[in-house]
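Mind looking over this structure? Questions follow.
Just so it is clear, A, B and C label the chains in written order, and each chain counts residues from 1 on its own.
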Amino acid sequence: MLRQSLAIMGREVRYLWRERGLRHILLLGSLLGILLFWGIYSAQVLKEIPTAVVDLDRTKQSRELVDGIRNAEYLKIVAVPESFQAMEEMIKEGRAVVGVVIPEDYGKKVSLHRQVRVLMVVDGSNIIYATNASTAILTVTRTIGTRAGIATLLARGIPLSQAEDAYRGVNIEDEPWFNPTLNYAYFLVLALALNIWQQCCTLTACMNVIGETGLNSWRQIRAAGVSRLQLFFSKSLVHIIVFMITVLPVYLLAFEVFKLPLRCGFPALLLFTLVFAVAVHGIGTLMSSFARSAVNSSRFGMIVALPSFVLSGYTWPVEAMPRWLQPLVKVLPQTWFFQGINYFTFNNAGWGMMTHYMLIMAATAVCCYALAALFISRS
Amino acid sequence: MSETEQGPKEATVQPLLRVAALQQRIGRRVVLKDVSFEVFPGERFGIFGLAGSGKTALIHILAGVDRFTSGSVEILGHDIGKTEKFKQYTGLVTQERSLFQDLTAGENLDFIAALKNAGREAIPPLVERLALEDYLKTPVSRLEAGVYQRLSLACALLNEPRLLLADELITGFDLDSRRLILDELAGYLERGGTCVWSFSSMEFAGLMSRVGWLENGELTVYSPQAVWEKWNELERSSARRSGEAHA
Amino acid sequence: MRQVYNIACYEVAHIFKDFILFLMVFLVPLGYAALFGAVYVAGTLTDIPLGIVDLDDSRLSHEIVTAFRNSPRFHIVETIGTYSRLEEGMKNGTVRAGIVIPENFEKKTELHQKTKIMTCYDASNLIWGYNIRKYALEVLNQFNAGHTAEYLAGLGMTKREIRDILDTVSCTTEIWYNPTLSYANFLFMGLVMMILHQLGLLSAGLTITREKEHNSWIQYLAAPVPGWKIFLGKALPYFIAGFFNYGLLLWFAARFVHVKIWGSLPLILLLGLLYDVIITSFGFFLSTQAPNSLQVTRYLMLLSVPLFLISGYTWPGTHIPAALNALARALPYTWMAEGFRLVTLKELGPGEVRITLVVMGVMAAASLLLALAFARRRNSPVEQGLTVNGGPAYPGKN
């Protein structure tokens, strides 16, 4: 019994190795993934948003305003175009994301305490830029407004203390938790690499049953009288071990080299990943049990694995999706895995939550394996 | 090369197919090394070889399907390494099934006629001669081996080729199909066709005008009688060796 | 023409016979678009769960709480009352942001002593993080303006005077192109272009591998039919289906996901046409090169995410290292996604997107050349030792 199982496992390892496509995918896929994503997000934070300032006034007052913008966090003045049209052109071409237009009579009006309008433009087509830019602008405009307001009040003969009181208002201190530098690489790199990893795993798992029953050698196995349970259990064990081995370098790079946050402890993370690996393997096995060929099996698997990251709510939250879609995405183990990765690596959300998540993923795995067993026994 | 037979002796007849110093290497293995022969119009040229001797490789090169390492092949004066023009004069029957699996027999004839730029009017006579009427609506994947081969031959003959390349034209299928195919081939030769036919069973050697014996990547051309003698000699020496081994 | 027509007909017949291929060509693109459309249809984040810890419990602190309560951006989770509960809630995701008003806040404010409200937010998901930061600032800016107005009214100023003072230097902030900062406008069309890219490549990419697997590729090679006719016949159905899908998904996006697709229609069509040419001819080229359908399917699928991210469609190219940017510039998706955004969202004209058009034109020509120059001869199979699924066969039941 054990000898049979070991022989099956040995053959499976050889199979995975000799199938060059799978070998490349498993060995290189997720590693290349994490390196590429780290490269893409190596800037880490989205500071220095390119800003174009049109100063039509060129007075002391307007230069003060420009200085205010220059000192604003996140904004970086990259150009001082001559006209509104030139600024518009820059935004159209994407050379500037923020545009500021200081009107001609700015200095004069400010010294006369008359009303004056400053135009601030944000290119909203890329939201990652636009949200940060609007926040930066909100801070700048508040400072400008306060300074000008106090000056006006003083000019009206209101004492300084009262003028300041009028504008004292409420101050806030903002505290980004879990990712205090608002680091985009922390947010996305690991999750994206794991997304590639789970796709690679799905592709491998999709060969599980059809890779055996679709070959002529299936007759040898049938003739030898090996039980299907023993056969597929041994094969699956190899797959899952291989999945876990391939995720190790990803974690190593992520936590040791790139220093991504890991608050929940490595053993707990590995356990969590193991349960997910089993669930993904279950899905792949299910696809491979009813597909007519390896290609179709891979396609079915990818139909689940491909959109699962977008659906997982890792980026765009599940709460913001339509109500009818929410239960649907909660069936996918990927949803629990990616959400969990976020909660456990950033916040260490605790064992209670982790066991809850693992139970759900394990339940998916059990359902998939049971269905697969049904299909295999009927074939 | 003493036994080598020359083709029709008249110097005026140009060979239809001329193969010179043909080499084919697959990785490090030499499949064909220095193969040269000529086939003249009206011939039924056999290529004999046991399994794995490179018959299919040779036929596929002649049909312009596979690349080759070096040497030259001319069909009707066209260098097949340089042009595709010769393909309108050739027809190919493959050893493995190569018709369109998801089409019926009739659709295959129709489609391959289009691929070969042959008129539809060529189809009915072939269907009649090869007795395919009853199968036109059957998917080719469900055809028996004999009928399948009849259909393959019909498809190969759609463009009335000057040179028919047939790889293992007849294997162990039913006798009716065998008869129909041999009759069709005879008719084709009568109409002025030429055929290169690869086979691995000696029984067909007698049907050929000449036979090229393919072994260890080399091809030697014999008359049909000479081939029989060589075959018998081989059988005797094999039996001798086996006797020595058992002694 | 008869040959091209017949090859195309055969290909169409095949699409209709192979159920999964049929789905892939006609339904899966719309299916994926509908799925992703549903994800992003809300467009903006609203009702962000917010926990409030009011340690002051004064008139001023109540006013602040009311300001947040009145904002449609936030939804106050009432069960959070203490700091430890807030911490707990942030950890397990029941709240995504918190406001902590310190003790003696009102008193200290009146005495002009330094005091601050703390707003915290979950930055582990930066879509939450960035948005909450902005929303909180909006609410407080508004609150402060109200506070100033009230104070000035207390000094006996009229409404008009107050407005004049508040607006001494008023900053009009305009958000161009996507004024509501809708994620649907931002992300969805990028995903649609990726769907078209991947499914287009995949379906065209299987057209020759399938013939290789069935051994019928020999029939094409042995027949006197020129390569360009094989390409045209085989690629035409996918080209037409691709363009149909382009139109269909654009209509779907505009109609149901409310994506802003403005700008010049001829330009949109031209971009789609070029994109479609690139995809179909490159797919055909891949198919002539690949050993079998299994490998094409696998590798293509794995490429989706990297292609999307490297393109600079989300994380801007200005912040991506030059080497990766150069790589991205060599990929048609990068140009199409950006070009489409420029034309439909920014409503730029042909002059302003000429570089995109030229590059895509060159790419279309190059991929056409690649597809047309495919070898009319098979390479002799290289002996690779023991390999699995490397030739034209892969496991399957027949």
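Miscellaneous remarks
Convention: a contact is a pair of C-beta atoms (placed from the backbone, for glycine too) under 8 Å apart; a residue touches a chain by one contact, two chains touch by 3 or more.
What you see is a predicted model, and the numbers here were worked out from it, not measured in a lab.
The chain with its C-alpha centre at the largest distance from the centre of chain A is B.
The pair with more inter-chain C-beta contacts, choosing from B-C and A-C, is A-C.
Distance from each chain's C-alpha mean to the overall C-alpha mean is smallest for C.
Taking the mean of the C-alpha atoms as each chain's centre, chain A and chain B sit 60 Å apart.
Computed from the mean C-alpha positions, the centre of chain B lies at a distance of 56 Å from the centre of chain C.
Distance from the chain A centre to the chain C centre is 13 Å, each centre being the mean of its Cα atoms. For chain B in complex with chain C, the residues that touch the partner chain are 24-29, 31, 57, 60, 63-69, 84-85, 87-88, 90-92, 94, 96-103, 110-112, 114-117, 155, 159. Against chain B, in their complex, chain C makes its touches with residues 2-3, 6-7, 10, 13-14, 17-18, 214-216, 218-226, 375-384.
Contact residues on chain A toward chain C in their complex (touch as defined above): 15, 18-22, 25, 29, 33, 36-37, 39-43, 46, 50, 91-93, 110, 113-132, 134-135, 137-142, 144-145, 148-149, 151-153, 156, 158, 162, 165-180, 182, 184, 186-187, 192, 195-196, 199-200, 203, 207, 210-215, 292-296, 298-299, 302-303, 305-307, 309-311, 314-317, 319-322, 325, 339, 342-343, 346-350, 353.
Per the touch definition, chain C reaches chain A in the complex via residues 20, 24, 28, 32, 35-36, 38-42, 45-47, 49, 60, 64, 90-93, 109, 112, 115-131, 133-134, 136-138, 140-141, 143-144, 147-148, 151-152, 155, 164-179, 181, 183, 185-187, 191, 293-295, 297-299, 301-302, 304-306, 309-310, 314-316, 318-321, 323-324, 341, 345-346, 348, 352, 386-390, 394-397.
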